[in-house]
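Structures incoming, each one as structure tokens.
Same chain, two partners: subunit A is paired with subunit B first, then with subunit C.
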Partner chain A sequence: MDTSPPGIKPRLAVHKFASCDGCQLTFLNMGETLLQLADMVELVHFAEAGPVAPDADVDIAFIEGSVTTEHDLERIRQIRSHSGFIVAFGACATAGGIQALRNFADAAEWVSAVYASPEYIDSLATSTPMSDHITVDLEIWGCPPNRDQVLGAIRAWLYGTLPAQSQDKVCMECKRQQAVCVLVARGMPCMGPVTQTGCGALCPSFGRGCYSCYGPAEALNTDSLCGWFEGLGLLPADITRQFRHVSNSAPQFRDAAANIIATDAGHGH
Partner chain B sequence: MVTNTRTVAVHVPVLARVEGEGALHLRIRDSQIEELRLEIYEPPRLFEKFLEGRSYEELPELVARICGICPVAYQMSAINAVESLAETDPGPWVKAMRRLMYYGEWIQSHALHIHLLAAPDFFGYDSAIAMAKDHPRLVRRGMRLQDLGNALIRLLGARSIHPVGVKMGGFHRAPALKEATALKVQLEDALQDAEDLVAWAAGVGVPARDQDVTLLALDEPGNYPILDGNIASNRGQSFAVSEFEEHIFEHQVAGSTALFSLFDHQPYLVGPLARLNLNLDFLPESVRKLAVKTGIHWPSGNMFHSMTARAIEICYGITDAIRILEDYGEPGHASVPVRPPEGVGYGATEAPRGLLWHKYELDGKGLIRSARIVPPTSQNQARIEQDLQHSLTAFGLDRPDKELQLHCEQVIRNFDPCISCATHFLRLSTERL
Partner chain C sequence: MDDGLSQQPRYFLPRQSFQSLIDQLTLQGFGCVGPVVRDAAIVFDQLRSVSELPQGTRDRQEPGYYRLENSESPRWFSWANGPQALKPYLFPSREVLWEGSVDEDGSLSFKERITEPQPLAVLGVRACDLAALAIHDAHFLNGPSPDAHYARRREQLFLVAVHCSHPASTCFCVSTGDGPAPTCGYDMALAELDEGFIIDAGSERGKRILDQLPLVEVSAEQLDQAGRELDAAQKAQTRELPDGPLNRILFQNLDHPRWDDVAERCLACGNCTSVCPTCFCASENDVPSLDGLTSEHSREWSSCFTEGHSFISGQAIRPDIRTRYRQWLTHKLGSWIDQYGRSGCVGCGRCIAWCPVGIDLTEEVGAICKDASHD
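Right after this comes the complex of A and B.
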């Protein structure tokens, strides 16, 4: 069945920056839906799937990964200049990703510890999200985002609108599923109270705490959650690691971790 | 004699249909390869450094992020390393479930590679999407198998990319009997697809490119290797996972960020073709017969047979997953406690692309002092360049540039390189204690 709409097909690109490839795998894992998608839009650039035309003009571009090199800075500006609507998808593109942990360390020292000839390595001191460098039209959070979010965004855009995005906390999803609260009932550290939903509360439904791969929720209270974690017996270093995970450089989590470290240092004096 | 005095420079700035991003530089002068360089330009993500100071319990979530295509392999190798340090025996249920989940990743990754990355080359298409217009049944069958692999990972991991169900000592949750039974039915239904895929893959015309290649794979007692055992070669060597660094050395080529692993000073191959060549006799009888029926003479030194090897491993994964689910029962506990002492733990498992080796040094509180990870693609890198030299010469260096380029790309894709993984671990000094 050809599901292509009449007229010229919109042109779509998928670009990769520093990442694990998991977000673009969301496309490649769509099965037959990927074939239907190819009927609706023209896949102009998507190196892993085949087509390579990174500098072609497109109507919509999905960007995976974070900015970590000088070359990335040039590339992302180029992409912005020839792309209509830009979607940053995944934790790397929206918050700098797990590799943004370098933002809290001496990145130059890290590079020379890993590479014997660091002069060959083009690496910035930081890993940053797309929105630090260009105007992003839509962000889809998650490590990885799920296919419904990705397809929903494309469908909404095809109809000239933005997708509905919930910023509810994972807790709300647990309530809807009538899942037992792992934090209250089982005393497990869970980031659900400060994390936006979208995953379907997978971790609590599997009997474990959330580690916030979908990033900070709206109107969150990190201080309150830190209090809960202290009550469970977690040390300041343990609590810091909860915030310095996949979404470590999202401003709310970055600040929460910095507060814990500052408070702990204050107690030491 | 043809005298060829032309100079050819083939530069493929972005290699299509590989995971991660890489480039190839080839210069031919007077019918001789003057320069051939597979370049990896993924930016470094410095995983080994930011693992320092983290708890061993966080490893499954953290190392999964190295590769979205084989997160299960990273989780399993890390767990394997810590459990070997802690001398944990997770018991038969956990071991069986790990195999089952790992089969899911093999099936998903291999089906993706065969259909979306490799097959279009053989039929003159630039993507599976283009190929699907003329060969819809072939592409759809591949996507069904890929879906099935993902479903198997979801059974134990909740989602297939960066699954969340795995922990040290086992799993956070045991699948309910009815979920396991439903999946067994899906696997049984897919077996015919997998068998057809093997016959199809073996029927695709490939160039004759036999080479005498050193192969390495785990040598799991009594089993087709995936989670356990020593590391063994086709030359009769065998060594413990903890002795890896005494046998495998990495060196850098001047001016490049690429690292080459050498075993006994020689390039070597890891991955499906290496595994199959070394372990044909450990396949269940039905799958072994199917492999023999392809007409390919195993062990095969032709990298172009790696597509068939992947298809056979899909068939094996499905067959053995059915066996495991045959007598599935929910356990009392889905995991055992793991309490590693201060020390160094080593772990290796068979990722879809081959041997994936991890080493962690832990302090007395269970925090990581240092980490070292050697993924399969770094190990294959030297072999890929050697194979390109051999294959291009056999193909004919005086062919038109476009044909040379396509042939190079096909040779590279035979290895299913995962550049996303490989580059994070390019490292030169192994002394970092």
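Right after this comes the complex of A and C.
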């Protein structure tokens, strides 16, 4: 993949869309490793770290954030046209982020409720992932993704391969960490059995249920988990909320929540 | 008649002297690990003082359910088990096996990453844990290429077993023939009574430690009491595995409708295989450094419930939950017999309690065997 002539460093950009900047911090928090990285690649555009050249040609671009405005749409198409390899990283860029909750609401109504002067707000009714609009070469899920994933992706790209990514469930890592299962030992709802690993089972290690920051795992059985949650005494609205978290608009979670709402409506009336 | 208790000379260690066992082991250079309450469960952790032991703690276990309860009992071992067995100590969930590097002249070199483990004494090991350990020994040590990492840790291990007097509802070691009394494979075994422990040594090392303890004679009444408790523990178990050649039955019923039924409930989360003390599957990965000059080769716990477990030539040959659950059960209770001469299940019940949706393998295999035809 590294097509640059010998002696010339690959050019890297980090772009921000609708997001909290947390994914970019994954780069900034690398400390000395970031200096090593800066030796190996040329940081062409990374506004949060200094260099600004959003329209420059680059070999690899990391995209943080989701598409929420017309302007975002133009920008991402523009970026696609002058970037070799595009990595969408983080829950916003891969699934629309927490702000995609607007996809299930009346966005205009929210805008008028939240802003003093709604007429200044010009945003789309939805928050959508990059893959809805452009061809994405690699997705790194997570809120935020961890540094090993980001470095692993860059290393693999430099080798001309794709990084090894696991879609195993958080439960696998939870047990590797010797965390005690909060679902079994405390009856706490946990999304670990339907969420892909990457976080190191952070929340269960601290006695909390998983929030699905890393999005859906493979081989999902959301129906069974919902049924068990119901048995724990959760109401349909509570179960819906489990799926409408950080990765709410990932198709599998969006459908699971819709399913619960539909089933509940069928029962209720 | 065999009362299930060891035939070694037995002594009595009064409760107030139990600290001397921890002290002796520490003095002999062992790091001590024992049961402690952490995060609403009984887990093995570093043990320095008897005050850290779970006094009066009981565990209530059901499919998908584990809760601790307190009682007035002075006992430290009146519970069945927690989510871990010995597995994490001998077969860590993640470890670097070797590393590779590009040398100055461009050539490659490889170095094994072997660490010298500290001698470890584990207090509170159950009969099912010992049976599982024997299975792991067969897997990791007795093959054509023994696992050096496992072997080092195994050599350093000192095991203080405890008789089970309070099995959980999920336990079925009587049915698998692995408990509730430890019969071999330990350095020292304890049967707990309110006032202290009936104790015996199972090895020369165990005997040497035993000789240092302030032991008193064990009374006939105490032996009777322990025998009665063991008997009650056996009778309290309600779950069991079906009789019959499970390897044949399971493999002749690969299309049984029960596999579809369980696939509707199973999450393919791998919790069962992770808590199972005999499961040994791991994946191996290489993690290169950013500059690409060094690389670490590590292994971590995996499971037949993952996609990677059956990923061959660009696709997973067990793509769905049905075939993955079937792999777990047919290996654990079936082909394991052909591989290791016995079933891979020691009846600890962990996979039942720690399954987030309460799937009970005894029920699943029971349903398949009930109306199964086989020759």
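Here is the rule we go by: the second predicted complex is superposed on the first by the 262 of 269 C-alpha atoms of A that agree within 3 Å, B and C clash if a C-alpha of one lies under 4 Å from a C-alpha of the other, contacts with A are read in each partner's own complex, and residues count from 1 in each chain.
Definition applied: a contact is a pair of C-beta atoms (placed from the backbone, for glycine too) under 8 Å apart; a residue touches a chain by one contact, two chains touch by 3 or more.
No experiment lies behind these values; they were computed from the predicted model shown.
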item	value
Subunit A as common anchor, with subunit B and subunit C clashing or fitting	fit
First, second, both or neither for A:H15, with subunit B first and subunit C second	neither
Touched partner set for A:G192, first subunit B, second subunit C, both or neither	second
First, second, both or neither for A:E48, with subunit B first and subunit C second	first
Partner chain(s) touched by A:A164 [first = subunit B, second = subunit C, both, neither]	second
Which of subunit B and subunit C A:R254 touches, first, second, both or neither	neither
First, second, both or neither for A:G207, with subunit B first and subunit C second	both
Contacts of A:Q178 with subunit B and subunit C, given as first, second, both or neither	second
Touched subunit A residues, subunit B compared with subunit C	B
Lowest C-alpha to C-alpha distance for subunit C against subunit B (Å)	8
Overlap of subunit C and subunit B interfaces on subunit A (superposed complexes)	207
List of subunit A residues in touch with subunit B within their complex	16-26, 28-29, 31-32, 34-35, 38, 43, 47-52, 54, 68-69, 72, 97-99, 101-102, 105, 107, 110-111, 113-117, 120-123, 127, 143-144, 146, 199, 202-203, 205-208, 211, 213, 238, 241, 245-246
Of subunit B, residues touching subunit A in the complex	14-21, 42-50, 54-55, 58, 61-62, 65-69, 71, 108, 112, 116-117, 120, 125-130, 132, 139-140, 143-144, 146-147, 150, 158-162, 164-165, 167, 172-173, 252, 255-257, 418, 420, 426-429, 432
Residue ranges of subunit A touching subunit C (in the complex, touch as defined)	33, 36-37, 40, 148, 151-152, 154-155, 158-159, 164, 166-169, 171-172, 175-181, 183-187, 190, 192-194, 207, 218-219, 221, 223-225, 227-228
Touching residues on subunit C, where the partner in the complex is subunit A	38-41, 43, 64-67, 83-84, 88, 93-94, 264-271, 274-275, 285, 287-292, 300-303, 305-308, 319-321, 324, 353-358
